[in-house]
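Only one structure is covered here, and it is reproduced in the block below.
The first chain written gets the first letter, and so on, giving A, B, C, D, E, F, G and H; residue counts start at 1 in each chain.
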């Protein structure tokens, strides 16, 4: 089972790379935001997966939970920026 | 300078919460409603049932309920509606899940379709929902976002919706069945 | 991790190499970038690189996280050092993260203060402004 | 049980892949939000649910609570993700982000 | 300049790379770092402090002194941001802007009104106001209590699971920041005023240092929680555990308040009227 | 610790760091910096530093990105490099 | 020679410093202020003089203060050389103070309180130098003197004062930090101590080359001695008010420089060491060169004070020359010349000042016939000139006599010739002034009206010092006695 | 209570800083008194500890009651104790003088200002007292952060200078942290004494050399050693008066102390002795620092900037002295550390007084200052003399030891640089004094001849609350100078390791 988790985790990393492409190469800031948001959701899962790999999922769940709650704050802050300032660079 | 106000952002006169300065609900009510919710959450989170942690839990929940209870319940909840909500929400969720899966399969199809740009036709549609309470609007709006090819762009308190749809087919489904089910869930039908 | 034995010897230190890479990226940004916020980002990367270094020190093959396994009845098996990752670097790095956040806050506050006065965050523009009063 | 978990994980990964490919392939930022907002949600739901199931394979109170916590993540995610998506799209509109439109000739 | 610094940096990196040759392998359980000081923490923590999370035990007890200053660093940052940014001169432009809720007419007032218009009819808004978003506002108001409870949970369970005062404090702070983001800064200020944040950050660190000083007053060394056992009617090992807990509370309080303080000052440029 | 994931994430981290510094728009840079700290968080979780990962998760996601955005909001988002 | 511990040397040093608060507090009331100055000066003279009996009994007075550096504490030790110098300076302080009052009030100078303060500090430092038991203490007071005299030199606070002050500091501080300080540290590094000893603390501790380098670092490092080429601060410092010039040139500054060289030769290197390395002769020739050149320059100066300044440079080198001869008679002559030249030169300067106060004239060419107007002043001037030239019946003759004897004793005919030639030159640049003053018709009509000397406080002091110069010819004790004792105490010199 | 002095030394100011902060919100008038009490207790503890150390040898303190390699341990020998005492005294005296300046410029921010002030001192004292390499980093960051904030508070370009300082300071602190990490990776310990033992068999290792270089370079950045000094002049010249006179004397000195501590107690002279190339290089860098500091100072037209460059030069003195590799040089470095703290304090405080009165420190502002502020200028003059190195002020004695050390090591460049810098200092200060002494005469007509009186400049001294501390500092310079003998004998000599000849 660990192997499966591991491969799942690696697959997630590969997918993050794809999302990161959007993050790094834009073209607009909002595209970056989407990319980063996508990385965030994968991160949450990856954290729990890592917990399973360590066989200590009870410890990692808290982190993932915190992550799920707070990732939202960053995205919200970014979108608030555009709502208030407008314009895209 | 104040931005000119877009026409779809009309507020109801009683939307007192917007100013954030009025607390229409007495603390004690919200406290009484929020505290149990919080305590339940605490038990799930904590998973420890010794006196020390339970005491801490009670204190924490009390603190949260006291300081942020009015956020959770800004006005006294309608007992009947709340009851209906609790009853019907579990029915709504599986349906929503089903819709979500459908939506995702649709999107998956679009994504991997080699001629994807020909299939999609992004556009924004406007419609007016008959839902009243903010929570219902919220649930509806988020459900729209989660389900087939649509994302809520704007949602005003009096039910004006702007929705971004990925293709024509997705757009046609709105407001449709989902609104009915949301209304049913929130006892507004 | 049975795969560990397949790692070529040379690869045993890639973590350290990456930390150096990151640190140099951060350092370069701090030296060469013109925009103050960019510099601050570089500074944060620089600090994280060091955290990475420390955390790498603590890592241990075949060990679990430094929280003791224990049942609710208080019974727990004998504790062996090799089973748990070295906690000390983690402790140190908690402090370092906090310090980096604090530094970040102060740095941003300073940059806002600079912007308040000079209406720009480009260092060369500011210096030009300062040179011609 | 393991098989169920594996299949759910795989399905979750499929949706994640869809999300990743989607945000790479779709032509404009609004349409990219669709895969990003939705498929990510379902992907994480599937994967986390799989993990919760895995957790339940040793059925103790502690494990159940952990499984519940994992599902709690899902719940929060289901609340937060559409909101975030909405926030982004709203930001895009207010920021005056231009949308990609299908060339008129191609419209059926 | 850029090229020179790049060359310099590459050179420096090369030097560092060279120095890694003398390092023990990554993840080697027999590396000096793993066999010298840390084994004692791993092996003795449970019996000495009765805290399963070794990191927490080391953080708040063995090296509790570091952590006290870590908290002080956060506090310092908060005070520094306040000192650097806070200013009381009004923003240029109209003093206050209100929006008539029914019609959407916007009223600008040049001077502070003697009497605040009633919130039912008029809502005070920022000059770079955007309409409040029903979805975001409502989701956030629903989420915030949960986030706060989660923060408190993290503080309370630092002994048994990852987390502790700092993480919990940040989460709590983030919940207030979320409120300020989704509603507006004034709302957040209404719940946690400037003076409250300022006082709380100081009080939080004070709790930490005060626990230490209490140990001193009990005739033991600074931060030697064992001395607190008689005060709390527990044995020394549990006294350590409890001591750690109190200290974490202080950390949480300080960190929460400070994060909010810093955010407020950054987001409003020190005027605390309107933010991001 | 899980070296495979570690290695994969390390690559991402480096890319992300370079990206955050290369982007000309400061909001974009701040957002990418947020992603950078997500990745760091995974990295530390992978190396077994749960507490550090937790801290990074809460700080990186909840606070430092917001600080950056707030500062950029109050200053200017344009950057020449 | 037995040692007596006493705090009298310390008191003697501190008494003028202790007067500072009094002077500052009394700044509103000039009479009281000057009374304080006088009291301090008198007390100082009494304290210094009270040490005389010990010395005459063959004892030395020591006073250790703080062990600041190992082997170099802050300490005083009064030996014959020191007392000789201290006596000269403390007795002249009284005279100068009196003269200052006349001069400063006569010209209605500004910032008089500051003037008196720094005057007191300068005197303190001078006595400190005189009583220093080691090179460190000496250096300390040397620097203190440099700094205290700066505000005196630049008293006028105008552009000229500024330039001169800059030059003054540049030479004095530059040499002391750049040369004397490292020399001192190297010496300490070699010997482990800085305490003066009759045989020289460096004796046997340094290589010949090092000794030579160190010696010249010291000699040029103590630039107050005015050895060429580090002399040019002295003429520049002439912008100072005349009492300051008098003090600088006759008592405190230059004599401190020379005294430092004296200490270097006798206490640091020791006569034996210098003799064995033939370094004395080298120094002597530098001095001889300075004497001749300075005298020649003096001849061409029209400004009275400038002429006196170059004269001083020459005269200082007499002292150095006498010391560098390393023969007992020469050294007696040298140290005696400190006193003799002091009395002579101070007279000359005071006269110059008195002329300035009374007539506002600075240049010799304008003083034709001034003897008519200021006979007493010019009489004093004559006596001073005689003393400086070294003609009887003035004190200068005695020291010159000893110098000549010293040259003979050292067997250095060349230097003897230098001495004689330079004396002729001295006469050549002084006597024409006197001649011009008395025997030429006055250049200004007003001077014909008769005697008009200006304020008494300006012309009485030079008369006193001139009288002293005369007295010293007939009764050169106790200076001669002290000088003899001092040289006898050097042991190695015999 | 006396055995808890080490804890009190640091925690009393910390607690009081928090109280000050609280008072800042509730009763701003109480801020200064509380801060004074806090620093007063710290000063008392520091002084008591110095006495204790001098009478009964080094003392240790186990924080949290844990034994050294595991818990954090304070170890105070003569060196720490005296540096702590100096830091505490200077900080206290400066705080006493700060009242007017803070009142004038930051009246509504008294609370935060004093909080940061006291926290900065806390950090400095902690750094001096601690025996744990990582604890030092945390304390370093506290004092640095407070420093950034206090400096950034100043006018004009202060925020930019402060931000630059922050960048360089962060790099420096991070390098230090990295160096500690390198030490940790090869030894597994963080306690200084423990490290010293564990490092002995590892001296040949490249990692240890790198660690040493990193730590030292990091500290150099924080102390503004020559090529890394760029942040200092702007930062210290732009900072608000009380902050400048706190940080300029203490921050660099404490960093020098840390460097010396690292060289003596962690890496030991045996190791440093093997780094011959480094030693040579540092020697010449110090020469460059001294010369450059002097020359840059010469180019300035502002008192504070000039002083800041002098600080750069002074750092060169200390680093150079410490790296000469002999006992005398090290003694000189330590002595100069102590002396320089007081003399820099004196001159910066004087500059603060001047700024307080005439709102500027550019040279052209200083005209006629001797008339206007005689006492301040007198104190400045004493400070100047100390910096020049004129006995009996303390600067002379440390220079004495440094030059002797240079001679002993045969490092003529260093000796010449020291002398050169002294000479330049003479020029620097007397150029300044000339302006303050002569200028009003140059202005206006009728004053050119020496019959004229100085124009009537009314005496407008700095307030007594600033003047008294300034006088105390000036007197302290002389007292410290005269106390050199005992200082070297009882304080510095005992800590000199046997490895130094």
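Keep in mind that, in the parts below, contacts are C-beta pairs under 8 Å (C-beta built on N, C-alpha and C of every residue); 3 or more make two chains touch, one makes a residue touch a chain.
Fair warning: this is a prediction, and the values are worked out from it, not measured in the lab.
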| item | value |
| --- | --- |
| Joint neighbours of chain F and chain D, given as chain labels | A, E |
| Most remote chain, CA-based centroid, reference being chain E | G |
| Separation of chain A from chain B, taking each centre as the mean of its C-alpha atoms, in whole Å | 23 |
| Separation of mean Cα positions, chain G and chain A [Å, integer] | 87 |
| Whole-Å gap between the CA centroids of chain C and chain G | 70 |
| Centre-to-centre distance between chain C and chain A (centres being mean Cα positions), rounded to whole Å | 19 |
| Multi-chain contact sites of chain D, meaning residues that touch two or more partners | 21, 33, 41, 62, 66, 69, 72, 76, 79-81, 83, 86-87, 90, 94 |
| Junction residues of chain A - those touching two or more other chains | 33, 35, 54, 56, 58-60, 62-63, 65-66, 69-73, 76-78, 80-85 |
| Touching two or more other chains - residues of chain B | 45, 47-48, 141-142, 152 |
| Chain H contact footprint on chain C (complex, rising order) | 23, 27, 30, 36, 39, 43, 46-47, 50, 53-54, 57, 88-89, 92, 95-96, 99, 102-103, 106-107, 109-111, 113-114, 117-118, 123, 126, 130 |
| List of chain E residues in touch with chain H within their complex | 15-16, 18-24, 31-38, 40-41, 61-66, 68-70, 72-73, 75-77, 79-80, 82-84, 86, 88, 195, 198-199, 201-203, 205-206, 209-210, 212-213, 216, 220-226 |
| Touching residues on chain G, where the partner in the complex is chain H | 66-70, 73-74, 107-111, 136, 139-140, 143-144, 147, 150-151, 154-159, 161-162, 165-166, 169, 173-174, 177-178, 181-182, 185-186, 188-189 |
| Residues of chain B touching chain D in the complex | 44-45, 47, 100-101, 103-104, 107-108, 110-112, 116-118, 120-124, 141-143, 145-147, 149, 151-154, 164, 166 |
| List of chain A residues in touch with chain F within their complex | 6, 9-10, 13-14, 16-17, 20, 23-24, 26, 29, 32-33, 35-36, 39-40, 43, 46-47, 50-51, 53-54, 56, 59-60, 62-63, 66-67, 70-71, 73-74, 77-78, 80-82, 84-85, 89 |
